[in-house]
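Should a chain be cited, it is by its letter among A, B and C, assigned in written order, with residues numbered from 1 in that chain.
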Amino acid sequence: MQNTELTDDLFSPARSGAVEREKISRPMRSGFQDGWFRLKQNKGAVAALAILLVLVALAFLGPLLTKYDYYTTNYGAIFQSPSAEHWFGTDKFGRDQWARVWYGTRISLLIAVVAATLDLLVGVTYGSISALLGGRTDAVMQRIVEVLVGIPNLIIVILLMMVMPAGIGTLIIAMSISGWVNMARLVRAEILKLKNHEFVLAARLLDASNGQIILRHLIPNTVGVIVINTMFTIPSAIFTEAFLSFIGIGLQEPKASLGVLINSGFQVINSHPYLLFISAIVIVLIMVCFSILGDGLRDAFDPQMRV
Amino acid sequence: MKTYILKRIAYLFVTLLVIMTATFFLMHSLPGTPFDEDKISKLSPEQQRQIYASYGLDQPVHVQYFKYLGNVFQGDFGTSTLYAGHPVRNILMSRIVPSAIVGIQAVLIGLAIGLLLGVVAAYRHNTSLDYLTMVISVLGISVPNFVVAALLQYLFGLKWGLLPVAYWESYSSSVLPSLALSFGVIAQIARFIRTEMLTVLQQDYILMAKSKGLSPVRILLRHALRNSMLPVLTILGAITVNVLTGSLAVESIYSVPGIGSLFVDTIKANDYSTIIGLTVFYSAFYVVVILIIDLLYCVIDPRIRLASAKE
Amino acid sequence: MKKLAAMLLAMTILLSGTAGCNSFTGKSGETSGGTESGAAQTKSVSFYLENEIPTLDQFAASDNIAFNVLNNISEGLYRLDTNNVPQPALAEKCDVSEDKLSYTFTLRDGLKFSNGDPITSKTFKETWLKQMKADTKNNYAFIMTDYIVNGMEYSEKKMDADKVGLETPDDKTLVVKLKAPTPYFLSLTAFVPYYAVDMDFYKNKGADYALNKDNLVYSGPYMLSQYDAAAGATLVKNPNYWDKDSVKVDTVTIKIIKEQSTALNLYKAGQLSRVKLSATDVPSYKDDKEFTTHSIYRTNFIQFNTTAEGTKNVNIRKALSMAIDNNTLMSTILNNGSEAANGVVPKGMSSGIAGKTFGSLQGTLTSFNAEKAKEYWEKGVKELGGTIPQITLVLDDDTENKDVGTYLQSQFKSVLGIDVTLDSKTKEARRALMKSGKYQMGLNAWGADYDDPMTYLQIWTENTNSFRGNFKDTDAANDYANLIKAAHSEKDTEKRADFLLRAEKSLIVDNAVVAPLYYMGSAYLVKSNVKNLVEPNSGILELKYASVE
């Protein structure tokens, strides 16, 4: 063991100004950039994103790849199995299933986006305001939720059908009435748990407004639950649409969505199973990708997951 | 605590009254009447007038409403028009039991398997077990339950002959519908538990517990699981109500005489009394479940003080 | 958490416990073995209904599901045989007066309900008087008040019961006075609302009547041994039935099964004697020896609104009618035993002339002709001022109607080059819309109440209904109404038939008020050991003649 004696002359003061001292050598990244960077590291999420983009592209371009369209019937070619002529076969009206599946995907994706947006905008805002303000506001807001859930949706839907033309617009309005309720309750529960944490207290001490606390502090910490619930909202919205279309509101023939295709495929599951399976595979694929991507997003954006 | 619960119960009745009133007026503004109008139109105008009068439908809607309200306060929900002559109460009672048996079993199966899968997936994060759970969960939510139901019926009922194909005859009739319904429940619970657990396992108190030398099982169950239950509990409320009020598709595939189809059939037939009775039952159930869950929040997570809800 | 789980568990056990005694319908012996193996000891058949049994109170029952059960546990003066001809049942015979306005029924000796109460002519009089009251829940008052003297006045509370044309000179004789000659009156007495009800028992039970098997008495071949509106019923032979020796099946199990694929699976598992096939299953079973088809008196058609934009022009209506190829609709879309319609009256329906069906006299009124359709369309458009009308078709929201609608839409597109919009609604909403006249064309259907063309043809002359299509107050509509009126009072069967034939032709060909599409039918698989499980054209199941080998 040899000790080297340290003398003052071995050191010299670093010449740096105040600016230099505060400089962060790695490039500055906003929260969003940071998340994006993390997401790119996650191979599964990137693959899921890529497949989703392909599905979206097919939803818009797929019908153009075949000479058939989604509505022309051909009673000489009903229930054809998939072939070189009809890639996904034909349905009971002889309509090309390839065109119908991708057209349906487009409608279902639109519904998924609307449902998710509604969840994120209305559900998250409602839930967080209710939880953060608490007291009487919370009580009233929660009772409103109970009333919305209590009145059977179907009655409202049939009434809507009277005053509005059947179609995708009416459908979206019908689904919007109570579609966001679960998200609101979930976010409320999470924020009730978080609102007494030290970091909220700290933010309050620093004179942050309620809006800032919700946006900057609380919502990032509930992102896990939000992402997972969105995962469940999307398929349930797609199937609710199918149900509503089935009972008359919403899409009218010859328009189709994945839910409608699955419903009508199910009716012929014994004799022509391909009609069910092809549309089911597309929806499962969409869900798997959304799910993996969602997990990736959560890992990337949830501050508690940063190790 | 006591005053809080009493207050909530008072609210509960107000909520139910609002729901009932809204449903009553919405139902009465639906197009058509509770009758087969094609048949009614074969009667003379005077005969038609007598029919409407005998149901009190010739009076203004608000008069009908207060009359109905009076009856409800005496516990009389009226008689059905679709199931002509049957008291609404009898219809509800006989239809709820099968749905409830199937529903409760589905929730219990879903909860047990879902919790197990979720905990294991989080504990073995990024292993093949985790991926398997993910796959089950994604399939559980993206494959509609009527497809699962038909598949189970074909395999267990027809091909292997292990369980009844359909029809409500004995306890074994309830097994397949419960299994079919539990798929979605498993998926949701497994996903929520896994997500919450992953966050919780990062927390300092878990590290603390580890460093105290607690066994992994104890840490998982006593510390991690308890703190991950909150979103599961929230979602469990909605799941329970949905599942117990019956699934139209699963009930019709297995011919379960439940309330799943009652909603759709009676709304479509403008059966005012039955629909309102059903709505009151359904929302009462929902509101009570929510109350229980709100109370359980503070049992599960001591950090949520009821005080914060009272302030 | 543990407590919660324990609570839920306790609830399940509790529920399963109670389930054991009352919720499950209980396995009846023959179901496990299936019909084949059970046939040796007790002869049993089992079939299913596609919806809950709404009620078994005859005064409240108004649909075929309820009639399917009631028809077999109750009996009328007459009952339809396997060829759709009314045969004496509780009545031994019936004498019709010269002017065809008075029917004298003589009842059999010693008729009894299942509880031992006697069935007399007064039973019928009381039952029918109750049925004629306007507020009787099944809304079927018209099925009597339209025919029986002073029935309408009694129903509207303008006259007392003793003025009604029903007389009971003694316990075995019932004299019925009719307003006009009614060739189909005997088949009316074979329709459920005309059946015998034990009125003392009925009054005794009050609101609880028919709510369970013990609150009912039976006059028909069978009686209930088990009944749950949502799950089904079990029928056993009625020991007090007058003709019990010709009832060959001991037990009939009726299950409520809403899903066609489920029913098919149960049939394959040997738990059903008969199953209806969906159109898509037909090709796979077409050559099976158990396969059979059957069509009933129910016609589906397009109703045009004769005053709405576009369809007010008769040439537009003719063009739309001619653009439809009923045969393709049958062979590709429905494919389930339904038959392409030649007219609005089902072709097998009686014309009133012995040995001749209405269809054989009328021939085919519908015609698919793409070129002519196009011609009419252009002519119509010119008459409308050159603008091509936008047309919407309203329809019910079930699979069959939607399939038909989709087919029609594609047909209008390919033949006439127009885009017709579909607007599907719940049945109630669609009816309300059509009754208010705010539509252009709609898919509608009518099932016969009795075996005579009048059940169809008079609906275009009645009060406001969802059929009328505003076909009134024009010369054409008045001519049509006059033909129906003339037929109503005509005593000569051939002349009457002629009026009706002309009326149908004017409705479909000349005025194109309706475009007939198909007569509803079904394809079935029936177990080969079950014979004579027949459904007359009314669509109401007849179990009396069934037998098991």
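Heads up, the rule we're going with is that a residue touches a chain if its C-beta (ideal position, glycine included) is under 8 Å from a C-beta of that chain, and two chains touch if they have at least 3 such contacts.
Please read all numbers here as calculations on a predicted model, not as lab measurements.
The most central chain, judged by C-alpha centres against the centre of all protein C-alpha atoms, is B. The interface with the greater count of contacting C-beta pairs, when A-B is set against A-C, is A-B.
Inter-chain centre distance (subunit B to subunit C, centres taken as mean C-alpha positions): 37 Å. Rounded to whole angstrom, the centroid-to-centroid distance between subunit A and subunit B, based on C-alpha atoms, equals 24 Å.
Between subunit A and subunit C the centroid-to-centroid distance comes to 49 Å (mean Cα coordinates, whole Å). Residue positions 30-31, 150, 267-268 of subunit B are each in touch with at least two other chains. Among the residues of subunit A, those touching two or more other chains are numbered 158, 162, 247, 269.
Across the assembly, subunit C contributes 261, 426, 429 as residues in contact with two or more other chains. Contact residues on subunit A toward subunit C in their complex (touch as defined above): 71-73, 75, 78-79, 92-94, 158, 161-162, 165-166, 246-248, 252-254, 267-272.
On the subunit C side of its complex with subunit A, the touching residues are 261, 264, 278, 280-281, 283-284, 328, 332-333, 397, 399, 402-403, 405-407, 409-410, 414, 421-426, 429. Per the touch definition, subunit C reaches subunit B in the complex via residues 1, 4-5, 8-9, 11-12, 15-16, 18-20, 22-27, 31, 51-52, 54-55, 57, 60-63, 134-135, 137-142, 145-146, 152, 155-157, 207, 209-211, 228-231, 255-259, 261-262, 265-266, 268-269, 271, 426-429, 431-433, 435, 446, 459, 462-467.
Taken in their complex, subunit A has these residues touching subunit B: 134-135, 138-139, 142-143, 146-147, 149-152, 154-156, 158-159, 162, 182, 185-186, 189-190, 192-193, 195-196, 224-225, 227-229, 231-232, 235-236, 239, 247, 262, 266, 269, 276, 280, 283-284, 286-288, 291-292, 295, 298, 302, 304-305, 307.
Of all the residues in subunit B, the ones that touch subunit C in their complex are 30-33, 35-48, 50-51, 53-54, 79, 82-87, 90-91, 94-95, 97-98, 100-101, 104-105, 107-108, 111, 150, 153-154, 157-158, 161, 165-171, 173-174, 226, 229, 252-255, 257, 261, 265, 267-270, 296, 300.
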